Every structure is written in C-alpha cells, then in structure tokens.
Amino acid sequence: MICIKNSMGIDAINAVNAVSFEADKSNNNNTEYHKNFLKWLEYFQKNDLVGCCAQTDMKGERLKRPAQQTDPDMYLHVVEKRSDGIVVRGCKVHISEASIADEIIVVPTRALGPDEKDYAVSFAVPADYDGVKQVVSIHNFRKREHITKGGDYGYTDSYLIFDDVFVPWDRVFLCGENEHGGICALLFALFHRHSYSGCKPGIGDTLVGLAALAAEYNGIPKAAHVKEMLKEIIMVSELGYAAGYTGSDLGKPEVYIPGMGNVPYGPGSFIPNSIYCNVGRCLTGEAVFHEQEILCNIAGGFPSTFPYEKDLVDPELKPLLDKYLNRNPNVPVEDQIKFWMTFSDFTCSGTSGVINYGNYHGGGSPIMEQIAITSQYDIKLRKSLVKSLAGIEPLKAGMLRKP
Amino acid sequence: MICIKNSMGIDAINAVNAVSFEADKSNNNNTEYHKNFLKWLEYFQKNDLVGCCAQTDMKGERLKRPAQQTDPDMYLHVVEKRSDGIVVRGCKVHISEASIADEIIVVPTRALGPDEKDYAVSFAVPADYDGVKQVVSIHNFRKREHITKGGDYGYTDSYLIFDDVFVPWDRVFLCGENEHGGICALLFALFHRHSYSGCKPGIGDTLVGLAALAAEYNGIPKAAHVKEMLKEIIMVSELGYAAGYTGSDLGKPEVYIPGMGNVPYGPGSFIPNSIYCNVGRCLTGEAVFHEQEILCNIAGGFPSTFPYEKDLVDPELKPLLDKYLNRNPNVPVEDQIKFWMTFSDFTCSGTSGVINYGNYHGGGSPIMEQIAITSQYDIKLRKSLVKSLAGIEPLKAGMLRKP
Amino acid sequence: MICIKNSMGIDAINAVNAVSFEADKSNNNNTEYHKNFLKWLEYFQKNDLVGCCAQTDMKGERLKRPAQQTDPDMYLHVVEKRSDGIVVRGCKVHISEASIADEIIVVPTRALGPDEKDYAVSFAVPADYDGVKQVVSIHNFRKREHITKGGDYGYTDSYLIFDDVFVPWDRVFLCGENEHGGICALLFALFHRHSYSGCKPGIGDTLVGLAALAAEYNGIPKAAHVKEMLKEIIMVSELGYAAGYTGSDLGKPEVYIPGMGNVPYGPGSFIPNSIYCNVGRCLTGEAVFHEQEILCNIAGGFPSTFPYEKDLVDPELKPLLDKYLNRNPNVPVEDQIKFWMTFSDFTCSGTSGVINYGNYHGGGSPIMEQIAITSQYDIKLRKSLVKSLAGIEPLKAGMLRKP
Amino acid sequence: MICIKNSMGIDAINAVNAVSFEADKSNNNNTEYHKNFLKWLEYFQKNDLVGCCAQTDMKGERLKRPAQQTDPDMYLHVVEKRSDGIVVRGCKVHISEASIADEIIVVPTRALGPDEKDYAVSFAVPADYDGVKQVVSIHNFRKREHITKGGDYGYTDSYLIFDDVFVPWDRVFLCGENEHGGICALLFALFHRHSYSGCKPGIGDTLVGLAALAAEYNGIPKAAHVKEMLKEIIMVSELGYAAGYTGSDLGKPEVYIPGMGNVPYGPGSFIPNSIYCNVGRCLTGEAVFHEQEILCNIAGGFPSTFPYEKDLVDPELKPLLDKYLNRNPNVPVEDQIKFWMTFSDFTCSGTSGVINYGNYHGGGSPIMEQIAITSQYDIKLRKSLVKSLAGIEPLKAGMLRKP
C-alpha cells in the first residue's frame, strides 16, 4: 500500500541503460551517451537519490505525429545544439512524484520518424533545475483533526514545463537517434508495466481488505455475492502478479523491433518479456472501475454520506451517532467509524477519483498495451496452425507453441 | 442535469396515497389514515411545498430483521402511542435533500412480520421539527474564484435522527398494519425506480456530452472505440427510459403481493408496472462504474492532474499553460480549460465519488431490483413452456407471453 | 418459441411500401413502383402467402463499396434493362425460410452512391422462380426414435443465387434510385430490428424456462447465483421488449436521413422510432453468448455428455441409467431425461450453434446498430448541455431532453 | 491443438502418489496404499499405458452430502470389504477418454465426513474390466467426403458405471481415510487445473488463428475491433499460461488443509501453488463463451449457413458457389471454403457446443475455483493491512505481501 514511488526512476534508468549503449553503437561509438549515463548513474546511486521519469508529452493533436503538430512544442524537443550542451523545450505531464524527486530523467514518449530526430532526446536534470517549472497537483486524503488514522498518505503529480532549458552534454543520453528514441519510449513503458505487476497486487491487498472488512462490518461476510466479488479482486491481483513473475523469468537482453522481431539489445542487462508484462498491466488497468463497483456494492451507501468529523465529535450528536453507527455489535463503534472514514477516503474523495485515473492510465492506457500485444504476438504462427487443421497447408515442424 | 429533487417526495406521496387507503380498508375504516393523508396533501399542494422521503433505516445487523436487532432502534419505530399522537425513535440515513425540504415523509424500509407492527409506521413532519436532528453531508462541486462555470451545482444528504419525536395523529398515515408497511416500502421503491427512468437519461445526457466533447477536444471524435463507447452510454440511457415508458403505459391500480400475484390496491391511482421499472433501474444502476470507465478511457489522464485555478491565472504560468493546454487548435484554449475543469468535477472530485454511490444504490441497490424481478416474474409460465417443448407436459392454452 | 417466420416478409413489405412511394415521388411520378407494389401486395394478401426478405448480399471485399468490388456481382444488381423488365444477377445469403416461402422480396443491403444505381433495386419473385437457385441449410434438432419430445422444431436458411433472372416491370419496386435504395436497406433493417423486440423475448422465455428447470432438476433453485442469472436473462428479454414497445409508441411516418435528420417519408404508414429499435436489438444481440454461458453454468456438464437415445433404451443399460440419472427424487426420471435431452438440443447441438449466430447477427450485427445509434442520436444537443454546465456557452431554450 | 489426452491420468497419479503416502502414515503404516500405488505405477510406466481419471460422481441431490442422498450410490462407494479386495458401486460421469484409456484411476470427488468413510476410496482398474460399463459420447467433427481437412479430430467422454465391481487390494490406494479422501479430490483438481494452464493456451492458439484468419478472409484484418478482440483472446491464453508458470515455480511439497493452512504433504513430490492454478483456471473457464462471441462477431453469419459439402461439389452449383464464395481475391477460393468449413466445425457443430461445456466446467467449474481461492487466500492479512491504514490497529511486522 505504501508506495515509495521509486519505480518510475528505476524503470527509466533501465531503459536508458540499454538505449544509450545501443545509440552509441549505431553511431560507431562517436557519441558518449552510455558513458554519460553510467557516470550520472554512479552519482545518483552514491548519493542515494530519488528519480522520476518524465515521459508523457502534452501531445496536442492526437492523430498527428510530433512533426505534424500546429505547435511543434507539443512534444519536448531540442531547439538548439551548442558545443557545451543542448537547449530543450516542451511540457511533460502527469509526472508522478517529480515534486519530491532529486532527479528528473527525460525520455521520449513515442515512436519517431527520421523527420523527428529533435524529439529523440533523453537526459537527466535536477528537479529544481533552472528553467524547469513544476505545476503540481497534490493528491492527499482528507486531513483529520479528531479521529486518528494510521498515517497521512498521498502523492503528487507535476506538469514539468521545460522553458528553453539548457542541458550540458554530460547529462545527455540520447540526442537525435530517432529509432532508438522510439525504443526508449517502449522500453521505459515495458519496465514500468512490469513494475505494475508488483504495484497493483499491493493495491489489490488494500481493495481485498476494504471489501472484506466492509462485508464483515456490514454483517454479511459469508454472503455468496461477497465471496464472488472477493474472488474477482484476488484474480486481478494474482493474475497481474503471475504475469509479472513470468515476464521476469522469461526475460532476456532483447527487445522487440517491428519488422525484426526480438533482437539482442543493450549491454546485456535483462529486459522482461513484453507479452507477459503487457497482458498483466492491461488486465489490472481494465479492472479498476469494476473493482470500485465491487467496493460500492458491498459497502452500500455508507461511505458517501458518512457524517463529518466535526459532527462525530459534537457533544450533542456524538452519543446519538455512536448509538446509531454501531451497526455491528461485535466491533467497537470507534473502529467502525474509523473504518468507514478510511473506506470513504478510498472511494468517495477527490483523491480516490485521481487514483482510479492513475491506476487506469499509468504505465500506458489499455489501448497502449493492446498495441504492444497485437503487434508483437506471433499471430502468423497461430494462423498457420489453423491452416494446417483446415487442410490449407501442412503442419510444419517448429509449430510448437512458444510464448 | 439540473435536478429539482422533487421525485422522492412525490414518489412517497404516491405510495402513501395507496397504502393509507388500503390500511383503512383492512381496519374496516376504523382508522383515518387516508383522510389524514389527503388533508396533509392539500396543505402540501396549496403551499407548493417540497417534500423528501425518509425511508432507509440504519438497519444494523443486516441479516437480522428489525425485531431481532440487538438495538431495536436500528429501524425507526413507535415507542409510545398516546391519545394525541405517537412517539417515534430511530435514524433514517441517506435522505437526499432533507436539508432543503419543507416536509419529511417517513415510510418503512422493508417487509415486516406480525411481531414488527411498531415498525409499520408512516407519517409526515416539517423538516425543522422538534426532535428531528439532521446530520448533513454537502455534495457541491469545487468552488471557483477565477474560471467561471455555468452555475453552482450540488445537493445534500442527511441522517435524520428521530430522538423520541412526537407526531400528532392527523399527520400519521400508517401505524401498526405490518402487511401494509411492507407494501408501502415496496411501493415507494417502485415509484422511485420509475422516476429513475427519467432521471438517469438526464444524467446520461451529461455523460454523453462529457464523453463526446472529451473526444472532440482530444482530437479523436471519429475513433472506433469512441463510437463504441458513446453507444454504450446511449444504450443505458435509452433502455432505461424505454423501461420507464413501458412501465408507465402498462401501469394499473394494482400491486404485486407475494403469494397473491397482482391484485387491485389503493383508491384507483395508477401504479407503474413493477417488472419494467425494476429491469430499467437495475440496468442504470449496474452501469454506473462502467460509464465512469468510459469517461476515463476517452479523457486520458488530463482530468486527474489538471492545474489548479490559481496556477492557471498565475502571471508567470498563465502564458505557458495557455500555450501547452491548447491541444486542439480548433477550440479556444479558455474553452478547453473550462471543459476539463468541469470534466474533473464530474470524475475526479469527492462529489463525483458520492454521485456514483447515489446512482448505484439510490432507489434500491441492484440486489433489491433482482429480488423484485425474480420474485414477481412469472417463471412458472416459462418452465411450462419448456416442459411442453421437452414433451414433459402438453402445451396449454393461455401460455401466451405476457410481460 | 414457435416462430411462424413471417416477420422478414412483413418487414420488407413495410419498407418497400414507403420506399416505392417516395421513389415515384422523386421521379415526378414517372415511375409506377408504388402501384406495382400495391398490386403485388393485394395478390400476396388475397392468397395468404408467406414472404421472405432477401437482403444480405455476399458483399465480397468488406472494405470496398459495391462499385469497387473486383467481382461486381458481389452485390445483386441489374445487368440489363429491357422494355418488359429487368435482368438481375447476384447472390443473397442467410435468407431465412426462403425454402418454404411463396415469395421472395429483394431489397438492397446498404447505402449506395450515384455510381451504384444498378444496385438500387427491389422486386419480388416467386420462390421457385426460373433462374433462382436455392442452396439450403437445414437447422433441425436431432431426430428422436424412442424418447418423445413436444414437437419437431427447426428452420432453414438459403443462399439465393440470381443467375441472370428476368423480372417483369410490374414486380419491380425500385430500379436505379440510389438514395432510396439506401433508405430501403435501412428501413427493412429498422422494421426487422423492431420485430426482434417481440421475437427475442419469446426466445428469452425459453431460456428462462431452461435455466429455471435446470436449477430445479439440479436441486439448486434457490441458490444466489441462479437468481442472479435468471435476473440477467429476464432483463435482456424485458428491456428488449420495452425498447420495441417504446419504439412503436413513438413511431411516426418519418425516416432519418443523414444530413437532414428525421423527415416525413412514405404514404403515411408508421415507422417505429429508430433509436429505441436499435438500442433494443443491440442489447439482445450482444447478450446471446452470455445467456449461453448462464445455461452452461447452471446445467453443469450434463447436456454435453448425456447418453444417446439408444443407450437410454438399451435393455442392459436402461435400469442402470434410470437409476443414476434420477438425480432429483421429486421429479420422475423420464422427465429428467426428456428435459436434459431438450436442454442439450438448445445448447450442445449443431443447430444450437447456428441459432446463436442467427440471434447475434440477424437483423443486423451489433456494429450495425451502433452505426445507426451514433449517427442518429442527437449528440450535439448533449454537447451543448455540457458546454452550458462548463460555462462555455449559455443554456439555450429548447435544450429539453427528447428521445 | 492436438491433445494426446494424457493429463487426466497423470494428474490423478500425482494426486494419488501424495495421498496414498500420507494415508499410510496416518495409519501408522499398517496399510500399504503407497506400495500398491508404486507397484501399479511401475507396471503402468513399463508398459507405456494411458490412464484416465474417474472423479466426478453423479452427485444426485446437489445440496446434500454423499451420506445424505436418497440413493446412496449417487457417489461411488465401497459396498463390501473382503479379505482379497473391495467391491465398489457407483457411476462416474464425464470421464474424458475413458474409452481409449488402458487404465481407469478412480478418486473421490469431494470433501468427506467421518460418516462417509466408504466414499473415501481410490483405486485403478483396467478400462475393460469386468463389471465396468462404459456409456460413451463421441465428439467428432463432421466427416467429410470431398473437401479434405488437416485430419480427423475428436474425443470421447464416458459414463463409467461400477456395477458392484471387485478390486483386489493391490490395486487399492485409499479405502476409508475420509480426510485424505477430501485431499485426494482437491489434489487431483489442483494438478488438473495446473494442466489447464498449458492446455488452454493451446486452445487459445486455435482461437487466435481462427479469429485472425476470419478477419483476413473477410478483408478486415486491421479493423480496430478485430485488434481489440484478438487482444482479449491472447490475454486469456497468456494470463492463464503465466498463472500456471508461476504456480509451478512456487510449487512445494505442501497442501492447503482448512484450519491448518499450508502443511507438508506426500513423499516430497512437488505440488503446484494452489492460488495461481485456481486464478488461472477460473479465468480461462469464464472466458469460454466470450471467446465464442468474438469468433461470431468477426466471422459474421458465414459459418452458420455455409453450403453443404454435396452442394459445393455439385456440378451445377460448384461454378456458382466458387464464384460467390470467392470473397477475398487474394486467397484461393478453395482455401476460403476449407477455412469456413473448419471454422464452422469449431463454432456451429454439435461438437463445438460440447467443447464449450468441457472448457467451461472441465477441471472444476468456476465456482469450484472460487471456493478454493476464497478459502485459501490470506484475506485476514489484507484486513489487518486496512485496519492499520484506518488506525484501528498498528502495522505489524510480517505484513509483507506474499502470494
């Protein structure tokens, strides 16, 4: 439940590690991206810093590529190359925990064409760097004054506006290699979708606990529909976990490149299996609102109209509310009150709405996973199998199933 | 969209109108419930008052009936009968718009046994009546200071604590007739589920507008998945509407009574068809979270991290945010900003969470409609039809389909 | 349950009635389509004939219009106009009950451009007409020899190959008016989708009966999941019925024409409301496989491995099978046997698979209803409503909801 | 795709291996079940035999336990113990491939009480053993005479009636140890659900191929809804596979026993993780009918009314059908014909209906997996986590997530 929010930075580091190595290689090692990266990484690790990853661009007109936008700044890009570094402009959005990070790692957000080399840029800057403007959204649960809870939870997202920011060359990890820019975008997403296979089951633990306690406090823990619904939450958590587990175990130092299939990539560090990371993340993303429905179904209306803290401690109302809110004689009423207030935080607060959006779109919306899955899965093999069943072509050797 | 919140009171009036008439009849007209009701109704109508309906009790231990509760006050009941009136005790919850209503109409919340006559009570009191304590939840969208919107919307719910409240006899519409108490509970629910067939399509209009504008402002109005999703929202709205339309048209002055089927009931006023009202309300209730998923899918992450009003008007940030938030060059950026702030109100605010709970459980949770449907539908007829197909029994005359 | 299969012919008649009238009008009454149609209709009615409707063309390359096909015959079209009539060529597929119909009514299958006038053709010919070749699929349940059932049910579909068929002018109802050809296609579909609002609840009756008896014979009639599942089937049936009921009641002598909205059309005969007919049919179509899942869930594996008739009456096996198949002591074992054999017919037979396809695609696949709904629904009105909420534009008069 | 149908026997062997060992242990090794089993296994392996597993009993009245049945034979049980062996009576149903197996391995079907020791019996007999009567259902695709296909596929299920069958002691692996009988039932199911994590992806390969080829032959391979639907099938296959993969890798020589949690069990052979095997099998089971819907959606009506083989080769019809069935000019028409006939076999044949039932209920219906999941998952841990968030109890050490 308590996320230390390191995954974005680490996932970006993993992606840049491979991409900077390969970009140098394709430049016949006339560039020093990987050396820059390793030097920066040493600094990052020695000082035990926290990083965030700035990937998602503002994107502007969604059906146009970066180079086609009316405003070319809708995707972050290099506006000037100088002998000592580069100047970048653009706005990265939904950047989780940028407000508390030490370092911002910038990576591209999509595949890029030869006319979009300026958009193929990756670098790191300190989070309070000159010219980087953060517009922060704060997602905290309601403050309490009287009824204690287990802690104050929350997180932040930032718009990061790069208003002509200068980056010295030794912090630049990619600059102009558009093929590798697209791979970098995919690789961060892949590592981050893999991270979700650990993240989401943690969230699922909270959902299972909320649902099971709501059923218990409502006096219906053994109702058939409660068991059915608990099963559904558990399935999402554990299938998501299994997908990540399998994706790890089948990982290789390879990436999928359209037209080439899976090819060796990077300095040898492992990259999780893309199909499993994507089916797992797609499942957990698509489940978000159904899980909220389950919580709503089991809870009933209580979380939406629960009395305010000040009413709960008001001298005139407290005895009456303590009497009437004591719906399960087996549970102290103060625990029932604490529980429903926390349940309401997770379901009927502004932050709960924001969390749903994060859990749905974070790491890539379901459509992004669909694109990864349908473009990388060996559908041709399955067509051949069916053709052999239909007698259209013979069954060939090597038609054995592989993930 | 803009609900004047009269439906609860009117639906309660329709229920009490029939029930008070029948209760008198079953008392050989030794009671004057219906006369009391009509007199009160005349006062209510002449003064153009607004009523709310207090039905849902605190309920306590959910698997126990009112008479079995550890605390007998978990359902509102009569604690004293006096020559001039009755004294009632209990707590009604989730009472929408009680805080702005003139009159509170109290009805029972469930079927009642012969040992629960004290719980079979219906009456009306002014909303600011002595001994009635309101604990109010306020569901407003965020206030704005700088960026105008079309109006301030919101509503309220109340806990209504009846702390030994005296009600004079001429405001009592039912007191002790437990069979009619159960019918009263069902009838208010039925009328209110029927009201939802008009209410929900109004909400659906907003959802369709939000989804369609989000697609337009995101530049993807013609995407296949957008059309598919718009269709889904429209289907829910219009099937819900059709169910109510049909339920009205097939209405009769009849109620369904377990073991007796549909029987004439009340002074002749029409009662909508129960099957159609229930299938309609069940559909719209069960669709709530999927509709939110659709909005989330089409919108992307924007509504969850949109800049705060003060950042949007900040002199340093405004030019940058106006530049970057201008993602669709065909729409003035100030309109884009207004739209996404309103979208966020409907999806990522505390009130949006509360609205979901109301739209899901209001008028009876899906399980309540399921109970109504499966207990009232003529399943026996359908079994006979299949038996005739299977050759187990002959096809009988009168096996023609009826709703 | 027992369909007399008249709906296709009647729905075609209703469509052609309106279209032939309007086509004449747009030809300044230089054509006599409507007169031809009325004369044919009189003959059809006087002789109490049965008609079928030949709409669906082979279609060929699905992303190409008729005029773009490699083989121009993939949609039926006029290949010669003569003084005494026309010659048509093409192949209509999935034509239900053509094998037992007296008359085949041919209508176009889609919107047509000015270069596709030859495809805008409607006419009627006898079903055993010269040059019309029928390739028939027969969908009967398994024949029985020993264990009787309530009757023999089944139906047929035909490919109708029009191999240069001559049609005399007085049987031609449309020939070359491409705008009306498209309307004719839509109108037949609309009437037929409306017919489904009566048809599908009849099928639903069978499904409810099968599910309820399976639960009873399995000894679990009161299980929570059984009630939930019965509710789901009932909802589909009755929401579909309500949609048709409302579509009828809101019918007008009008059609929706893209770019023009709803306009008067035809000689004054009523046309059901398109939105309601389409949401109803879409619901029932999309529910087909989930309903089969419900039957499978409640039945368990029994219908898939039930003993063959000859085993059931085999002298050695009969006593043993009668003993072991008697799983519910409250039901005669011979009734249990009859029931499961019929259940198997409806779920595990070749015909049951075919029925599913018919119930899913008949009258237009779900995507066709989606196109009708999203193109005809007043989405602009809903956008304006949301704009007024967001403060983008004022609330205008006339923004009241209408279906 | 081509299943050699060994999994049932092997899964039963794995279960009996552990259970016979533990039963002996709990009998202070006064029994020789495990020795019997190992001796039989040696014979089985030396002769390279094929086994099937007879688990599912007729079950009779579903809400009654075996000992409560009106007819005690509704679950197979020991009717006589003799010095040289036991006599058993009962009827096992849905026993896949019993008709072609060499050996039948019998195991109990459910948890058993102390009054049901006679039902706690496991043994092996040859499939053509005296007194074992097989009532076989044959599930073959349609025979062809003219249009070749890739092979003849199919399988069989049997009712196995044990009509007072004598089993010598050296083929008895359990007899009377009711606690181990229940574990044996669970263990076979667990191993078999694990097998489904390999089986179902193989079926999924066929489904992906059928869907992808149908889209290609229909000329819509790049349609948005096709990609979405392919993704859904792939997700089911690969999440099911990942669940099995993870279940294998986290396996231990342990079983879950109610009230005791996971405890060491058996002679040391590994048992897959129950949670992962169950979430995987539940997912693939519940997906069956939705996958059929996807095939139906992409295919259109073609598979349901495809011409019969004799029409396709009829001299008069062949040229016409070859012309009109050639809907995709990039694919030879004979391949299109072969494909749609095979597609029809998998979707609109009696066998396709039976396959759906097998894929849904085989290895345990979804409700059985739900019971396993919700009874074995550590829900208490998740409740504690939420209590710590709510401030009801402190966060404890050891609350780290574990599968």
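Per-chain numbering from 1; labels A, B, C and D assigned in written order.
Methods note: a contact is a pair of C-beta atoms (placed from the backbone, for glycine too) under 8 Å apart; a residue touches a chain by one contact, two chains touch by 3 or more.
Keep in mind that this is a model prediction, so the values were computed, not measured.
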State the smallest step count from chain A to chain D, taking one step as a move to a touching chain.
1
Comparison of A-C and C-D (more C-beta pairs in contact):
C-D
Which whole number of Å gives the spacing of the CA centres of chain A and chain C?
45
Between chain C and chain D, what is the separation of their C-alpha centroids in Å?
37
Could you say which residues in chain A touch two or more other chains, in rising order?
225, 228
Given the complex with chain B, which residues does chain A contribute to the contact?
56, 58-64, 70-71, 73-74, 91, 93-94, 133, 135, 137, 157-159, 161, 163, 218-220, 225, 288-290, 292-293, 296-297, 300-308, 311, 316-317, 320-321, 323-329, 347-350, 352-354, 356-358, 360-362, 365-367
Spell out the residues on chain D that touch chain A in their complex, using ranges where they run on.
1, 147-151, 153, 201-202, 205-206, 208-210, 212-213, 216, 227-228, 230-231, 234-235, 238-239, 241-243, 245-247, 249, 275-276, 279-280, 282-283, 335, 338-339, 341-342, 369-371, 373-374, 377, 379, 381-392, 394-395, 401, 403
Could you pull out which chain C residues touch chain A in their complex?
223-225, 228
